[in-house]
Amino acid sequence: MATTHSRTLAKLMLLPSVSLLLIWMIVPLCMTLYFSFLDYNLLMPGDNAFIGLMNYEFFLTDPAFIESFFNTLLLVLGVLFITIGGGIGLAILLDQAIWGRNYVRIMVLAPFFVMPTVSALVWKNMFMNPVNGLFAHFAEFIGVTPVDFFAEMPLLSIIIIVSWQWLPFAALILLTAIQSLDREQLEAAELDGAGPFSKFIYIVVPHLSRAVTAVILIETIFLLSIFAEILVTTSGGPGYASTNITYLIYTQSLLQFDVGGGSAGGIVAVIIANIVAIFLMRLIGKNLEG
Amino acid sequence: MNTNNQTKAIYTILAWTISGLIFFPILWTAITSFKTEAEAISSSPSLFMFEWTLENYSDVLARSPYFEHFWNSIVISVGSSLVGLLIAIPAAWSMAFVQTKRTKNLLMWMLSTKMLPPVGVLIPIYLLFRDTGLLDTKLGLVIVMTLINLPIMVWMLYTYFKEIPHEILEAARMDGASIKDEIFHVLLPIALPGIASTMLLNVILAWNEAFWTLILTAANAAPLTAFIASYSSPEGLFYAKLSAASVMAIVPILILGWFSQKQLVRGLSFGAVK
Amino acid sequence: MGSITLKQVTKSFGDVNVIKPLDLQIRDGEFIVFVGPSGCGKSTLLRMIAGLEDTTSGTIEIGGQDATHMPPAKRGLAMVFQSYALYPHMSVRNNIAFPLKRAKVEPEVIEEKITTAAKMLNLTDYLDRKPGQLSGGQRQRVAIGRAIVRQPSAFLFDEPLSNLDASLRVNMRLEISELHKSLNTTMIYVTHDQVEAMTMADRIAVFNGGVIEQVGTPLELYQKPVNRFVAGFIGSPKMNFIDVQPSAGDATHCIGVRPEHLQVTQDNGLWTGKVGVIEHLGSETFLHVHVENTGTLTVKTDGECPLKYGDVINLTAPQNKILRFDKAGNTITTDTADKPAISSAS
């Protein structure tokens, strides 16, 4: 399959994808980098003076940055924890012999197809609203004070909503992985006297590690840039309690029109993402392509 | 009832309860969309015993140009998926069938562009779009969606193509097929299920994408994500109408997703599970 | 014209030389078989001839024309793969028609050729099935059908029968030989199977580590192997090798005797040993005889063999059936008369 002819052809066929992605990555990134050194505000047309690292200084020393950095981290880790933990449980449950498994699958998978704006709005109004939400009704019914979710625990509320959206994905991938588990291996282990617990630890867990890696990789890509859920529920508040880095930069650049500051934030976000990416790539390199 | 059936019954009840809870928000939204506003916020809500009405749907249709948003969503998601396939198929062919030492690194690099946070390029894209008149156009969004989903498409297609034995393509070459024949008469028909699921997944991802669609559109090109976001402004609590609008936004993709769930899982796991 | 000439052909993957400079002349209409241990470069050379791999240096001529840099489609060769490589989405009919359609042959002619090929290969009833609905043997026939309809100047087979079960393999072997007789087209055939090689080939090329050790008719290779490698590779069960002390005037380092040439005698044989495992195959019997200081010798005798495990026997062999190898493993080819006879003392 490898003649000079086909190799040349292969390069040609790669060209569109590679060049488009290169442009998509490099041109805006360079512009962002450039803007990040300027005093550039869309509301104050001026000479956009070069101000060195001032934007970075402002961005990095802003208490909002520290807060949103930890919010981002909490959001990603919290959702990963809930979806993978819950996903494994659900996958094991769905792997059992049950009646109507297909209907159960369909119900479990559904939230994955719901667009983030819809799920955020539905949860915010119809479930978590402190007066008219279903949770409030339920609290009143059992005689406790309803919780004002977005005021008292804004980040946790968002983690719950996002986890609801991603749990199906994790569960289904893990279920498929469990179903591809070699039954003979399990039976052999049983003959060797392995109990359910050691079977789980020594056979099921290693087998699932590939699938878990895939789940972590894909979810992290999407979770690092959660946006719509915050926009339509808390708008980052109260204060910065539910602002992640994506949302912080959005408010700076498109709500306060501070292009310079927003760009500096963008570059910081890219650097953070790169650190995460290097870590993840190691993980997949080891686990996925074996 | 023997013990086997007993455990099956227990697991069944457990599974139906949990999956019912997971599905409940969607079911509840669907039910609320048929209630009157008064009933929707009633403090003793009822699952089925209320007066069913279609009023909310007609209200939503009257309040906003739903079909325009719907059409925009279709154009953006299907358009970007088709353009993406056009670019991704040749690339995946190269990677799967003419492997070099660099192939794996190239794939990793492509995937890493997917990790580039959108905010990192938000401002330049916004300014570039403003200056080129792409802001609030369907074309602009098709371009952006194609680019952000391209790495996933290439990777998915690559995992599907890699499973096709090289010999089949070589046989075609021996049989006198040109590269065009080889791709159109042999590769594509064999890989059709994989291509279809790649396409489906990307339609779903683009349909639900809510960063670029919210930022780069206003009145003209706004898809359903933006249409629904307009219900977040706190101008009173119209739960029933919100529900009707939500149902209208998610039903098309929900049905599509249910039909293709098997292929989706495989594709989305990057070939990690078969 | 289906003659194929390889001149100083080499192939490297990166730093690894898979094919060392190699010359080979294949005559038009010849059935040549490539054999050799796994990984010695047989498939690679076949794919180079097909044009599926680049040739690193040297030239490949097909029908007298330099084809070294021709794309596969232009070479006019057909290939049958071990995995059949049928197009899974096409019916048998369309699989066979595919090369013809690519060559823009008239539909009526295509139909006619398919009919003829199907009759020849017993595929008439299966023309509208997909490859997935066929048995292994039928699939291989379709692959052959797809190859013959284009009337190629040569056929390339890469272990075409190794996925089939034993009895089917015998049938297909005969069918391919039959095909060769009736078409009279050059065929290059890679196999691991001794019997296939010996029975089908006009000539056999024995490969080892990217070079051809010997090319010749099956009998030539059997009777006059040029070295120890070929001697050991051709023939089943394997030739027995016995190391000997070289003496003045005799460079023999090692002698070789085929199991079928060893005879059991009552007394004064060349070797004395104890019978170990006995394998009764019905028509013949293999004895594994342990000879002190020499090792285990395999002996092939009649189907009815009265010996038992543990019996002590003498073995002998006609002097003219004993091969001698020098230090480098090459066969010493002086006349038997000039050589000192092998005696039990050695």
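Chains: A, B and C, in written order; residue numbering restarts at 1 for each.
Please note the rule applied: contacts are C-beta pairs under 8 Å (C-beta built on N, C-alpha and C of every residue); 3 or more make two chains touch, one makes a residue touch a chain.
These numbers were taken from a predicted model, which means no experiment stands behind them.
*Asks:* By raw count of C-beta pairs in contact, what's the busiest chain pair here?
*Replies:* Going pair by pair, the biggest contact count turns up for A-B.
*Asks:* Indicate, using Cα centroids, the chain positioned nearest the centre of all protein chains shown.
*Replies:* B
*Asks:* CA centre of chain A versus CA centre of chain B: separation in Å?
*Replies:* 16
*Asks:* Based only on mean CA positions, could you tell me how far chain B sits from chain C in angstrom?
*Replies:* 55
*Asks:* Rounded to a whole Å, what is the gap between the Cα centroids of chain A and chain C?
*Replies:* The computed centroid separation for chain A versus chain C comes out at 58 Å.
*Asks:* Specify, in ascending order, the residues of chain A that touch 2 or more different other chains.
*Replies:* 1-2
*Asks:* Would you give the residues of chain B that are in contact with at least 2 other chains, written as numbers and ranges?
*Replies:* Only 170 qualify.
*Asks:* For chain C, give me the residues that contact two or more of the other chains.
*Replies:* 52, 71
*Asks:* Can you name the residues of chain B that touch chain A in the complex?
*Replies:* Residues of chain B touching chain A: 7-8, 11-12, 14-16, 18-20, 22-23, 25-26, 28-29, 32, 41, 43-45, 87-88, 90-91, 93-95, 97-98, 100, 104, 106, 108, 110-128, 147, 150-151, 154, 166, 169-170, 179, 204, 207-208, 210-211, 214-215, 224-226, 228-229, 231-232, 237, 239, 242-243, 246, 249-250, 253-254, 256-258, 261, 265-266, 268-274.
*Asks:* Could you pull out which chain A residues touch chain C in their complex?
*Replies:* 1-5
*Asks:* Within their complex, state which residues of chain C touch chain A.
*Replies:* Against chain A, the touching part of chain C is residues 51-54, 71.
*Asks:* If you look only at chain A, which of its residues touch chain B in the complex?
*Replies:* Touching chain B from chain A are residues 1-2, 6-7, 9-11, 13-14, 16-18, 20-21, 24-25, 27-29, 31-32, 35, 90, 93-94, 96-101, 104-127, 129, 132, 134, 137, 140, 164, 167-169, 172-173, 176-177, 180, 210-211, 213-215, 217-218, 220-221, 224-225, 227-228, 231-233, 245-246, 249-250, 253-254, 259, 262-263, 265-267, 269-270, 272-274, 276-277, 280-281, 284-285, 287-289.
*Asks:* Quick check on the complex: what are the chain B residues that touch chain C?
*Replies:* Its residues touching chain C are 165, 167-168, 170-178, 181, 185-186, 189-190, 192.
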